[in-house]
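Quick one: structure below, then a few questions.
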Amino acid sequence: MKHFTSVHHIEDLDELLLLAKNIKSDPYANKSLGENKTLGLLFFNPSLRTRLSTQKAAANLGMNCITMNLNNEGWSLEFEEGAVMNGDKAEHIKEAAQVISQYCDIIAVRSFPTLTDKKKDEEEQVIQSFVKYATVPVISLEGATEHPLQALADILTIQEYKTKSKPKVVLTWAPHPKALPHAVPNSFVKMMQMAHVDFVIAHPHGYELDPEVTKGSIIVHNQEEAFAGADFIYAKNWSNYNDYGKILSQDASWTVTPEKMELTNRAKFMHCLPVRRNQIVSDAVLDSEASIVIPQANNRTYATQAILTQLLNHENK
Amino acid sequence: MKHFTSVHHIEDLDELLLLAKNIKSDPYANKSLGENKTLGLLFFNPSLRTRLSTQKAAANLGMNCITMNLNNEGWSLEFEEGAVMNGDKAEHIKEAAQVISQYCDIIAVRSFPTLTDKKKDEEEQVIQSFVKYATVPVISLEGATEHPLQALADILTIQEYKTKSKPKVVLTWAPHPKALPHAVPNSFVKMMQMAHVDFVIAHPHGYELDPEVTKGSIIVHNQEEAFAGADFIYAKNWSNYNDYGKILSQDASWTVTPEKMELTNRAKFMHCLPVRRNQIVSDAVLDSEASIVIPQANNRTYATQAILTQLLNHENK
Amino acid sequence: MKHFTSVHHIEDLDELLLLAKNIKSDPYANKSLGENKTLGLLFFNPSLRTRLSTQKAAANLGMNCITMNLNNEGWSLEFEEGAVMNGDKAEHIKEAAQVISQYCDIIAVRSFPTLTDKKKDEEEQVIQSFVKYATVPVISLEGATEHPLQALADILTIQEYKTKSKPKVVLTWAPHPKALPHAVPNSFVKMMQMAHVDFVIAHPHGYELDPEVTKGSIIVHNQEEAFAGADFIYAKNWSNYNDYGKILSQDASWTVTPEKMELTNRAKFMHCLPVRRNQIVSDAVLDSEASIVIPQANNRTYATQAILTQLLNHENK
């Protein structure tokens, strides 16, 4: 693995999951691996879990970690090739990415989508510019279209909690008051397509995700039908993909409730967090034994530590 | 000690002060205690001394320290139980506190009062929500009603500078142009009630602190009377408690001046900092030999290191 | 060296450059030097290279590094002596500098000029106040009138890339849409005056730098004449010094182009970064083999590490 900006960069999922499990059982076993190595964490957007768990993962490996909020602590960046830089942008990503590569052994970047410019978002302009110009590995801390570290923590959690060889996993759309990105559902779909699971996507008519991502996956528009016999319910809102970035529905009938959980095979409830209580899911589900959102968040540390380990090992070759 | 959000959480003050003194004499003696332990510093408000001294204390113990400005680097938090989260708040404290507890071995939080909602402030909604939902020890870096780390540094400083077994300590209100919280005076009063001192509170009529806090302590309304024979003058402004959060007086006759210091027993001048020069105290006092505000601030490191030591030792049991 | 806020604080440039080169060849060789030492990085302004490279340099030496954005994470500071602090400023630099000196073994500060108040800028009010009140060494991370760490990285880079004993170095003004400080050109001029180089300054008429800085250096107003036979072209914009802080020219004929580089002795192109592409310099130059701006930025780490090494060694005496 040279970079980790997509679930599809995983070369051997079973091997990676085994690594993550071993790390979780003994997180400080490999503190010399990161000695004299620096991880640069660059944020263009807010973060809680990703920010803290990545710093924790780096510390567990003995890495030095430098965290920056690029949008207000540094210079505003220009991403267009050939730009005449006579406006507000003080520095071109060409210089920034090359320079940071000299101070950091791995660069990790969070950059959310515009949700207004579909083309630019799908090009992953920010993260792909870092990939293009950086001379060290780049990790996505959530881009415009993928959140691969989250998806890795998700499958690690499913592996821990599954009670049968091939569990039924349902990704269900749920209502939310704000327009949300497609990164988390996209990466989750891609991960489920790689994993040994029965996978179903449920969403209202018109809320299709990118068909390139979902092709081959079962999609239903009846949430109750999807929940029947499910072992894992993964709830997530996303804004409209076709009418890009718009909120066409806040249909409260898609909120995950105890009644709906009754339709499942005593399913575990998952969410990437932060979660809007009593919008995405009712308190009664989130506060029940069925909810595994907290251990799911804990696995962010070990998923990230596994990726850092693979990237550092690859560099050392 | 399970948490440290109030002076009253101190189990044995003499033992704690002895620990702090030993740490001060050899700050790096226990660097293995914090190995593979992470301290999460969460700020909802500005900080200089607390921010730096706590990071320093953690480093002295070999701890990894992660610092976050929660109000702009993370997600806005909802604190109300049962909230229907369809507004601006993206994450409930229930999830946030549990999640952070998985990445951090100790959580430290600064959250100032509203100074408009007395009930909410007295409930210490933010810090108490962390205490309620976190699964690791919580330290107050100054809450709405207490600043216990400051009070511990204060008594440590008094012990170092006292020239008699039972010194006379005066907490005096002093004028300030902005409405200030009651956290520092409250914790100082509670600490003086536990310590072996003659303690007097001086403030203008109508500027009573919470009577639950001050009960049993001597209160006078004549500053000069209070200063007579004092060994320590601790100046501090607070906004009105009865007419909650209001500034009813900026009476310049309460500024601490050299003339007033003449009334004392060559008293030392103390303040928690930051201090408004020529409002709280005149330059002539602050720049004199009598002022011990700088070594007082230095003791913040050792007070915090003592608390971290006790919490880590408690966790290791 | 007690402080490092000016190029003129360098005691022996050859010795310092030798130290920097040795550090670059083995950056982690002296990790015990910084053990139990804390570097405080205080930013009043944005920073990318300085922020990251200084943290990296500190880590390479085994130092603990605490980074703060003083303008929004701490308290607003008062710098005037004798101020009656009844306005917006919450803390006086007298206390702040003394207090931070107790938590940090070295204090490093970035504070840009106002570009409106020439007198205040030339007094370097912020950095000089730290020098005055701090009780530990102070490093400039770019002040109002100097950026000495940049100049040290610059001469280190020139030494690495020069192909003759005494190369011709040209500092050329170039156009920019915003008013920029004089700190970088000032420090570069002072450094070139100390180094074994043929040095020429080129700028449009009326764009003189501080004559106290440039006295003794050759100044020409014809850029092409200056470029003839040059081994290094160092481009930089600065706002007007006489009509202080104003932009009197954005003359595009001063942009550094391939045609102008043809006039040189196959000169290397240098810039401190961030650089405005197609304003200061055309893409064709910056993307050519002649450009050494990326390795120049890399040398920021080793320049800073050399300064930290000298200051720590001085303290240990």
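Note that the chains take the letters A, B and C in the order they are written out, and that residue 1 is the start of every chain.
To be clear about the criterion, a residue touches a chain if its C-beta (ideal position, glycine included) is under 8 Å from a C-beta of that chain, and two chains touch if they have at least 3 such contacts.
None of these values were measured; they are calculated from a predicted model.
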Fill in: Rotation in the CA alignment of chain A with chain B, degrees, nearest 5
120
Worksheet item: Shared interface numbers for chain B and chain C above half of all numbers used, same, or below, different?
Response: different
Worksheet item: How many angstrom lie between the CA centroids of chain B and chain C, rounded to a whole number?
Response: 39
Discussion item. Quick check on chain A: which residues sit in contact with 2+ other chains?
Written reply: none
Worksheet entry | Complex interface listing, chain B residues touching chain C | 27-28, 43, 46-49, 51-53, 55-56, 59-60, 69, 177, 273-279, 283, 286-287, 293-294, 297-298, 301
Discussion item. Quick check on the complex: what are the chain C residues that touch chain B?
Written reply: 36, 38, 40, 64, 66, 68, 72-75, 78, 82-87, 90-92, 94-96, 98-100, 102-104
